[in-house]
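Data block below; observations after.
We call the chains A, B and C, going by the order they appear; numbering starts again at 1 in every chain.
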Amino acid sequence: MGYVAVKGGREAIENAFKYYRFLQVKGGSAPLEIEQIRDQLYLAVDRVMGEGSLYAPDLAALALKQSGGDTLEAAFMVRAYRTTQPRLCYSLPLETGRMRVIRRISAAFKDIPGGQILGPTPDYTLRLLNFRLAEEDGLAHRKALEQLFKDLPDVEPLPDNFPKIVSILRRDGLLIERDAIRADNDRIFDVTRESISFPADRSAAMQAMAMGETGGLLALAYSNMRGYGLLHPTIGELRVGYVPVEVKNPYTDQPEVIGDIKVTEAEIIYQMDDADGLPKFTLGYGLCFGHNETKAISMAVLDRSTQTREPRAPSEDQEFVLMHTDGVESMGFCNHFKLPHYVTFQSELDRLRRAQEKYEPEGLEG
Amino acid sequence: MRTVCHRKVNPTQMIFRTLVEGMSHPGRVYQMPAINEKVPWSNGLLAIVHTLFDHEIGFAVIESASQDQTSGEVYEATKASVVDLPEADYVIVEGSRSGGEIESASRGEPAFPDKGATIIYRLDSTNSGSGAPGDKIILTGPGINGRKAPQLSGLDRDEIALIREINSEYPLGVDCIFLNGQNQIMCLPRSTRIAFRPI
Amino acid sequence: MNLKDWKDKSKNENAHYSFAFIDEGAKREIRRKILKAIAIPGYQVPFGSRDMPLARGWGTGGIQVTLALIGPDEILKVIDQGADDSVNAVNIKKFVSKVTGAKLTEDTLEATLVQTRHRIPEEHMREGQILVLQVPIPEALRDVEASERETRRMHAEADYSAIWLHLYENIVRFKEITIGSRYPVMVNHRYIMDPSPIPRWDNPKLHMSANLYLFGAGREKRIYAIPPYTSVVCLEFEDHRFRVEDFGGAVCQRCGSAATFLDEMIADNSGRRRFVCSDTSFCTKQVELNANREHPLRAAGTGD
């Protein structure tokens, strides 16, 4: 009688992890330092912070190192860490008007008060591989810094604040007013504490998208821009910069700044609607941790599209958008199909065999 | 396997398990773990409250001269807020009768029947009624093998009849936990079918 | 806090985690929801569902239910596809034991708490035992309706015509109800429920059982329950009854059992089949029983 091995699972798992780790170390290259990842792969770090829903650049960098660069895995690790942290308090609402801007542009107007500040972006470069980056030595960064700051012309400092384009449009009566927050909605939904039901509160929807996976949000937003949806977006303002985070001191009741965070904010102007009577432009809004313009823009597109009064396309269906854009959930479920499913498959085999037994081809005589 | 956590289990875990058994077996009496220096509560109600209440829920207290004291104790222990009865997730009734007030407790909504309130009766008060002495209460339904009479004494027959009426549109309804002076509990979830038989 | 502080803090790793990993607030919410689930058999209670270090889709719902229940004196069994040593079960067992100190067992009857993926153990569990099932898709109506909003309405109104129609169309087309696992059941005469991807073989165990069943769907954020002694009826038509899987007379080649759910394995390139009990610990017990008897059961079937 043949013996079927049923043991060995434990050892196999341990070896699988060792092999995974082996692939990172086998080349013998110098171990990456967390600071290197945090500084030089900062956009990956920002993406992982956003999708992990935890503003902690060092931890996001560590997660990227541990995951071998898999941003879905890294975001997952950051989320799992987030769960273990005690909830101390809520911040006061962020005022992005107080942002210490490093980048601020508008596609709606050629010139805007404060100016078009291009800031750090590869947008205007040619995407040609720079092979000199493969030859940098240990002093390369120091030399690059010297070069950057050599012979800089005198420049005026940036203003502390830039007016919001959107506020100007509102003041001129061109932009729709947001619905006032309903009285029974002073409580801000917390998607990490409660499961969303539909139609979802706007605070729930925005939170879900703020921690959504960049590629998922992009795919749905793209579908909308291409025509699965009838929207024509114009970027009213895109900002990247540092916003102070304030909490109320529990003893003095006064707001205190506890630090600042880098965020990307997109305000997108859409075609007119006459819900208010007088036709006005409508608005989509996106905000995420770190510097991630693709995500903020996609989020703004989806914010607007899910408010469509007669949803027809997937990007206009709030339930569809919110249920399918969380990277940790989607990646987890996608990969869970690798788990053994032989029992359920056995059931399917049984059904198929029975159905085949009962099959009668059409058109047979007699 | 080396245990990573060093924090001890919270004694609310055993209280919770007792409630799970109670809710799974309506009508049966279960003894909650002893109240001693190892636990941060001084009575059975506070044990239950420590286990289930926190700032995320709202509660109301009914029918009691010591209403404010109970509310205060519960708030101090858990930071749960006192709310109006129809908004309450949990309702505490001091004694075996609510004076008809639980009629305004939330029974949930068709799409979310779980929003129906949980009523906690503290039967160790002095005014435990018993209603019409001649009736026997018969319970059937999920958790009950066949039929049984509730094992806890001190229930008020008219209050049970009121509960039955409130729960007559299942799955809407309320779920009840009865607590006595011996630190014992008995549960009647809304799924329990209640009948009265004259003895 | 900078990275150096984090590094120093993590040296005292034990200081980080609550008992059973999830914090007391999260446990309380899950506990409140578990009690509501027991009070409304078969109804899916929404819950907050925290992120866990195991991936969504890999049992985070089951784990959260287990962690909300478990005490340090618990005896825990974890299985996947019926096997104690399956990769997913091993991972989960390691994690839970690590954060609670609970004892582990492979014996269904010794366990106080059993967490399972896709099977109910062959041995009938007793009063006081709890079986926690991992659920990928908690919605029995999902195959006929994609929208959560709509399926919630259907449950609210007990409007189950769509799924009955789906079963009817199945029969018209294939002369059989072709649902393999996740076979829908009617619980306490009110809610149609998804029993999780257990094979049809296991469905009858849900009806009037002595133990409590709890179902956790972490990604979809739902908890539901079947209390003991609850009516659980598989959907069927009078002339097309519910049927369990048919192994065509095969028996387990390890223990000889003809009355358990079998794993069918492809033995070699010729496509020859080999059958073994899916419930590995039950199978091992049978093997030991057989060895203790004077005359072990003979294995029939397609084996050597």
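Definition applied: contacts are C-beta pairs under 8 Å (C-beta built on N, C-alpha and C of every residue); 3 or more make two chains touch, one makes a residue touch a chain.
All values reported here derive from a predicted model rather than from experimental measurement.
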Reported most central chain by Cα centroids is C
If we define chain centres by averaging CA atoms, which chain lands farthest from chain C? Would you check?
A
Please compute the C-alpha centroid of chain B, do the same for chain C, then give the distance between them in whole Å.
30
How many angstrom between the C-alpha centroids of chain C and chain A?
33
Cα-centroid distance, chain A relative to chain B, in whole angstrom
44
When you check chain A against every other chain, which residues touch at least two of them?
193, 197
Residues touching two or more other chains, restricted to chain C: which are they?
16-18, 21, 25, 29, 46, 152
Where in chain B do residues touch at least two different other chains?
56, 112
Considering the complex alone, what residue numbers of chain C touch chain A?
2-3, 6, 16-18, 21-23, 25-26, 29, 46-53, 55-58, 60, 80-83, 85-91, 117-119, 136, 147-149, 152, 174-176, 178-182, 197-201, 219, 221-222, 245-246, 253-254, 261-265, 267, 274, 276, 278, 280, 283, 299, 303-304
Per the touch rule above, chain A residues touching chain C in the complex are 1-4, 6-10, 12-13, 34-35, 58-59, 62, 76-77, 79-80, 82-84, 86-87, 192-195, 197-199, 319, 323, 328-329, 331-336, 339-352, 354-355, 358-359
For chain C, which residues count as touching chain B in their complex?
13-21, 24-25, 27-29, 31-41, 43, 45-46, 68-72, 94, 97-101, 127-128, 130, 152-153, 155-157, 188, 190-191, 208, 212, 226-231
Once bound in the complex, which stretches of chain B touch chain C?
1-10, 12-14, 16-17, 19-21, 23-25, 51-54, 56-57, 89, 109-114, 118, 141-145, 170-171, 175, 189-191
